[in-house]
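Take a look at the structure below.
To keep things simple, chains are lettered A, B, C and D as they appear, and every chain counts its residues starting from 1.
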Amino acid sequence: MKLELHTKPEVPLEAESITPAVINKLKAKEIEKLKIYHGNREVNIADFFSISDNKSELLEVSGDMHKIKYLGANMKSGEIQIEGDVGAHLGSAMSGGFIKVNGNTGDWIAPEMSGGRIHITGNSGHCVACAYRGASKGTSGGEIIIEGNVKNELGHGMSNTTILVGGNTGDFTGVNMHSGTILVLGEAGIRTGAGMKRGTIVCKNNIEVLPTFSYDCIYNPVYLKLFFKYVKENTKFKIEEKFINGSFHRWSGDAIEMNRGELLIYSA
Amino acid sequence: MSVASKDNKIINEKIVENATCTFCGCCCDDITLTVDMDKKVITKAKDACVLGKSWFLNHVIEDKPIARIDGKEVSLDEAIDEAAKILMEAKFPILYGMSDTICEAQRQCAPIMDDCGGTIDTTTSVCHGPSGMAFQGVGEPTMTLGEVKNRADFVMYWGGNPAEAHPRHFARYAVTPEGMYTPNGKDDRTVVIVDVRHTKTAGVADIFLQLKPGKDFELLWMLRAACKGVDIPNDCKDICGLDKEVVEDLFQRMKNCTYGVIFFGMGLTMSRGRHFNSGALMALATDLNEFTHFVAKPARGHGNVTGADNVVSWQTGYPFGVNFSRGHPRFNPGEFTTVDTLSRHEADAALIIASDPVANFPKPAIDHITSDKCKLISIDTKNTPTSEAAHVSIQTSTYGINTGGTVYRMDDVPISLRPAFDSPFPSDLEVLTKLRKKVNELSKKANRPYATKKYI
Amino acid sequence: MKGQLILLPGRSAKQGVGLNKGKLKEEYIRVTTTLEVSFEDAAELGLETADIVKISNHIGETEVQVKVLREGKLPVGYAFIPYGPPSSNLFDGETCGTGMPASKGMTIDVEFIKKGVKKKTALPPKTAIG
Amino acid sequence: MNNEVRIINGIVFDPTNGIDGKVSDIYIKDGKIVSKVSDSAKVIDAKGMAVMPGGVDIHCHITGPKVNLARKLMPEDHRLDPHFKTPNTQSGSGGIVPSTFATGYRYATLGYTTAMEAAVPPLTARHALEEMYDTPIIDNGFYVLLGNNLFLQSLIAEGRHEEFKEAVAWWLNATKAYTVKLVNPGGDEPWKGHKNLNVKDIDEDSKATDIAPRKVIEAFIDAVHELGLPHPPHIHCNNLGHSGNFDTTLESMKTAGDRRLHVAHIQFNSYAGELGKPPKSASKEITDYVNDHENITCDVGQVMFGKAMFMTADAPLTYLLRSYKKEKWVNADTECESGCGILPFDYQGMIYTHALQWAIGLEIFLLSKDPWRIVLSTDHPNGGSFANYPLVIKLLMDYEFRKIAMKSVNQKAMNSTILGELKREYTLNEICIVTRAGPAKCLGLKDKGHLGVGADADITIYDMLEDKEEMFNAPRYVMKSGQLLIANHEFVSDYTDKKVLRVAPDYDKDIEKVIKPFFDDFYSISYSNYAIDDEYLHGTGKIIKTKKKKSIYEN
């Protein structure tokens, strides 16, 4: 199915019904009558999108959708391809499937994700893969690839998720994380890994390490090579050979949470 | 009471004892007001601080219309009808403010937004909102201010300037008062100030620690680690600008006191790190309970912002930034908070109650709220940039001076107000009750479909 | 003469007093257009008390009057201004998912415009003293 | 407008008036039950349905400052359980600590029409009253925390009994409370002033406490008895939650002698075993005492598996429990009066202690002989949400279901209890007693908990279903003061004319002269701003009469 935005929403539009599981079951005529929420009003999809049948399982959505929230929410399987910018809560609580965004996204991408993949070619906002306020745990699985930059609180309280960032990250990357891996190829902001319990944060560039992290050693673990190989095969990230074969400074922390997380910073 | 004045004119005077000043979060309730009932002014405010005096003594009944639409005088009912119509027609209305009004009036606000499917936000979101979020994440050991007076032998102010923002905080609650277990007042207490500026507050300190700007989190984090038995690092000075010995000494004092308290200000919540800064502080206070009794408290500012927090919390479950567009309260700071909804050009109507975003908000937000994309309604006691820019503007009487009601002190203690003299303007409560009724009528008529199941 | 400082807006008692008189009144406007800079920075930038400067960043710009502080009151490289409409002109709407705009610690350009007249000190009203 | 209603053909349960499942009609006029109505009365046909008085919750935590702190603390919990707006009702958030609107509506949808908030510090009682006004439908009242009040303790220590009694009366008036609540008496001072210690023995008279808890308990029982309050002091005993605490509980009850005492959430006080080790059941020892002593009433505080929230004035206990799972925790000290601890919690069937607590609660229900003195409660939200009440009812009424439930929890715990041997099943009449008639009688509420002429027309009509959980989860009709609120499971109107129940015993005005100096010295608000004005009741106050009795100290 193919959905194309024809009218820009004036206020936030919440479109959690735009997922393959809902759309693929229906004919174009039926999709037009699906309900979405324009601010506090219930409207039909057709009021904002033109729908055409591309005779494919792939759900294509296009347009400037920076005010559209909850695309691909609760997704369990299937594939969405988005051309253009999207708003907050993309892939909220998704447990499977694949979302590809050729554009930028808003804040709160993939909160409470437990599986599936999200690939964003542009930049992303704050609180990507972040726990909702008050919760101690955020995502519990899945993979997120962001080619551009990300802002603050990437992977706040996450467990078992893999996050790959081609550009820079904001402050508090991997704050309070329980487990999982974050790779930052650009510059990471301050206070990376604050309060982390376990898990790994890999940084290509030098970062300001918090005083509660302690320096362990330089090392070159085999699993990192395998990990980089995987990243190289699955993304278009430029990963140089010297980086793959390089050594890393290992810092362990956070001392406040028993020192079991690791921060790996490329040395040479 | 009638008394003769100096030039032997008889003036009609009234004394109000134990009046409460609502200017800052201290809510001092021991002020004696002398009111000239003929001129309708307060002539003396005994025991009030400089801010309190200026709050009471500058209050005059101005000669201005109660309600205006586009600057033209109208009746109150016309203004309320217009406001209700705007709110019901809007797709993403917001209600913001409520810090300078009584709880009884605040209680009308969430139901208004519930009926018109909008967003309610209080000035908390640009004040101690991050502390509220930190509270949700880590909790907080806290107390009423009397406990500080009676017990605290270690008092710390972090990133705040109470000498200027809460002038009587030292004398009434935290530094000099003689309490049950602190019979010698200041001599029984160690007062520590942590700030990046050498403010007036620093003057009262036994120990003043001038921190490198933006390094609050790092220092707090080191102290937290110290609670878990980790040494203060040797490069402490490079990290936060304080010598290792100084920080070690500070930690020992915190650990060994009998009742420790930290008040923290917006130096933490407004700088980089925001809720993580205040969260680190609350977590530190929690950690210190391993050794002794330790509490922390945000030194909350303006008027009744603490009351707004409480009212919105009990009515919706969340303290600020609550959206009703899907038929039930939703909370997400950054998504439903006022600065964001305005800066992202989302709100199409704004009801501003007793606050002044046009003067205080970031520029992008001001640009949107004053544009024709967003219909602005203002309910306020004074003329402000916001009331002047508003499409519908309603003037109300002032709480604590003209009307009674409840306010919450910064430590969540509710206090009743004792008004000094009446005002020709209607109270916030009266205006908002009418507006709530009108919106409720319109919403019943509009009969929008109500959601019945959870969507996500 | 142009330089960069980090701005720390905050509350002050004078601003609070001015607020009560009315936000559209002179006193409040005067208080909220006063930029406090450290002794060292003033020397570096060649500024004196009462100078009118333009402060600006990527959000906006505003003109304020300088007040030079004694040594040790402010860390070098920082400037203080009471909250008010002028400082709002420099705030970004970005809240980092918190609702709170970053209103402390933004980098600003400071540019000398002209010499100004020394302001009268904004004393609290007579009736309020004692 | 005709406000007469006739409920016909219903199977009526009205234990107070000795009616146990008899088909008869009920007549209502002006919000009260009457003996007849005119022919034009609205008719509700309750054929095949059970007609009961509205439920009365004697012990829950639904309004006040600590409840609101807990509400603020849990956005992630509210998010999972929204309470939707309807044309007649307002929206809210649910979860373990629902918002005020949701609390009122959700109590109503269980058939409850009265709920008493069990602990409010006097300093913040205004807050509790304001919240009550925003809690729709249900009638409220609250118990005021006086057990750790330093001024009152000093009067007790100095043996000034008359003044103490007058001061208690003053405090009840000043705060508009229903009765006195004692929580871990004597425990606040060591907690706040001695680096987080606690009292361990009710006769302990250590440096930390100038006065032994037993003295405090005794003094309050006497004072409340002499003031003739409709309900005795509500006590949260010392050592709550600790293994081996049943001794303390027995001693506390013995302190009452033959005077009345209500032991709150008694399940949490019925543990045998050694301090610091896993608990064992002492339900038998406790119920034996309660069975033999008619002056004691209690509510169970049943633990239910799933989410809970510790929310208690017993701050040291919450701090202790925090050490198991270092998650968010709130402590809130109130000057001169009280402490408070808040901690989110999860009861899990597979954990020995939790399973045992669950079993002990059920044992207490099944071993107690007089249903009139044992009230159904979960100490919401400490033992679990009030939303669990229907499930508790099913566990009590269905032995087979209980056996199945026992299989899915920690077996070591089950083997150490006698729960499996207790085959008793509660009857509908007994359920009606423990949820309505009994608590109303314990509270001394003559207009509630029954369907006799003159009672408040708070009525719940349930479909008679085999599955009792289902039955009590969704009443077909709920009526409050004669106004139909729920009809066919849907809200048909929003009732706002609720009542705040309180007492106003007479006191000697001279006592203020004794109290005021203490205020001037140690409180942070003025004495004259402390007592609450009547306007905070918003015209909803309802005074339950008190009857002064002779002092036991008089000859």
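What to note about this one:
Definition applied: a contact is a pair of C-beta atoms (placed from the backbone, for glycine too) under 8 Å apart; a residue touches a chain by one contact, two chains touch by 3 or more.
All values reported here derive from a predicted model rather than from experimental measurement.
Shared contacts of chain A and chain D, meaning chains that touch the two of them, come down to B.
For the pairs A-C and B-D, the larger set of C-beta contacts lies at B-D. Located most centrally within the structure is B, per distance between chain CA means and the overall CA mean.
Chain A and chain C have CA centres that are 40 Å apart.
Once the centre of each chain is set as its mean CA position, chain B and chain D turn out to be 34 Å apart. One inter-chain figure worth recording: chain B and chain C are separated by 23 Å, centre to centre, where each centre is the mean of the chain's CA atoms.
Per-chain CA centroids place chain A at a distance of 36 Å from chain B. For chain D, residues touching at least two other chains, in rising order: 73-76, 79, 327-328. Along chain A, residues 107-108, 126-127, 132-134, 136 each make contact with two or more other chains. Multi-chain contact residues of chain C (touching two or more other chains) are listed as 96-97.
Residues of chain C touching chain B in their complex: 6, 8, 10-13, 16-17, 20-24, 59-60, 72-75, 78, 80, 83-85, 88-105, 124-125, 127-128.
Contacts from chain D toward chain B in the complex involve residues 63, 65, 67-69, 71-76, 78-80, 82-87, 90-93, 95, 97-102, 123-124, 126-127, 130-131, 134, 150, 191-196, 319, 327-336, 342, 521-526, 528-529, 532-533, 536.
Those residues of chain A that touch chain B in the shared complex are 10-12, 14, 16, 37-42, 67, 70, 73-74, 88, 92-93, 107-108, 126-127, 132-134, 136, 171-172, 175, 190-191, 194, 210-212, 255-256.
For chain B in complex with chain C, the touching residues are 23-24, 43, 50-51, 53-55, 57-59, 121, 125-126, 129-130, 133, 161, 163-165, 167, 196-198, 200, 210, 212-214, 266-267, 269-272, 274-275, 301, 320-321, 333-335, 337-340, 342-344, 356, 359-366, 382-385, 388.
Interface residues of chain B facing chain D in the complex, by the touch rule stated above, are 17-18, 20, 29-30, 103, 107, 111, 114, 132, 135-147, 149-151, 172-173, 179-181, 258-259, 286, 289, 291-293, 295, 309-310, 313-319, 324, 327-331, 406, 408-409, 412-416, 444, 447, 450-452, 454.
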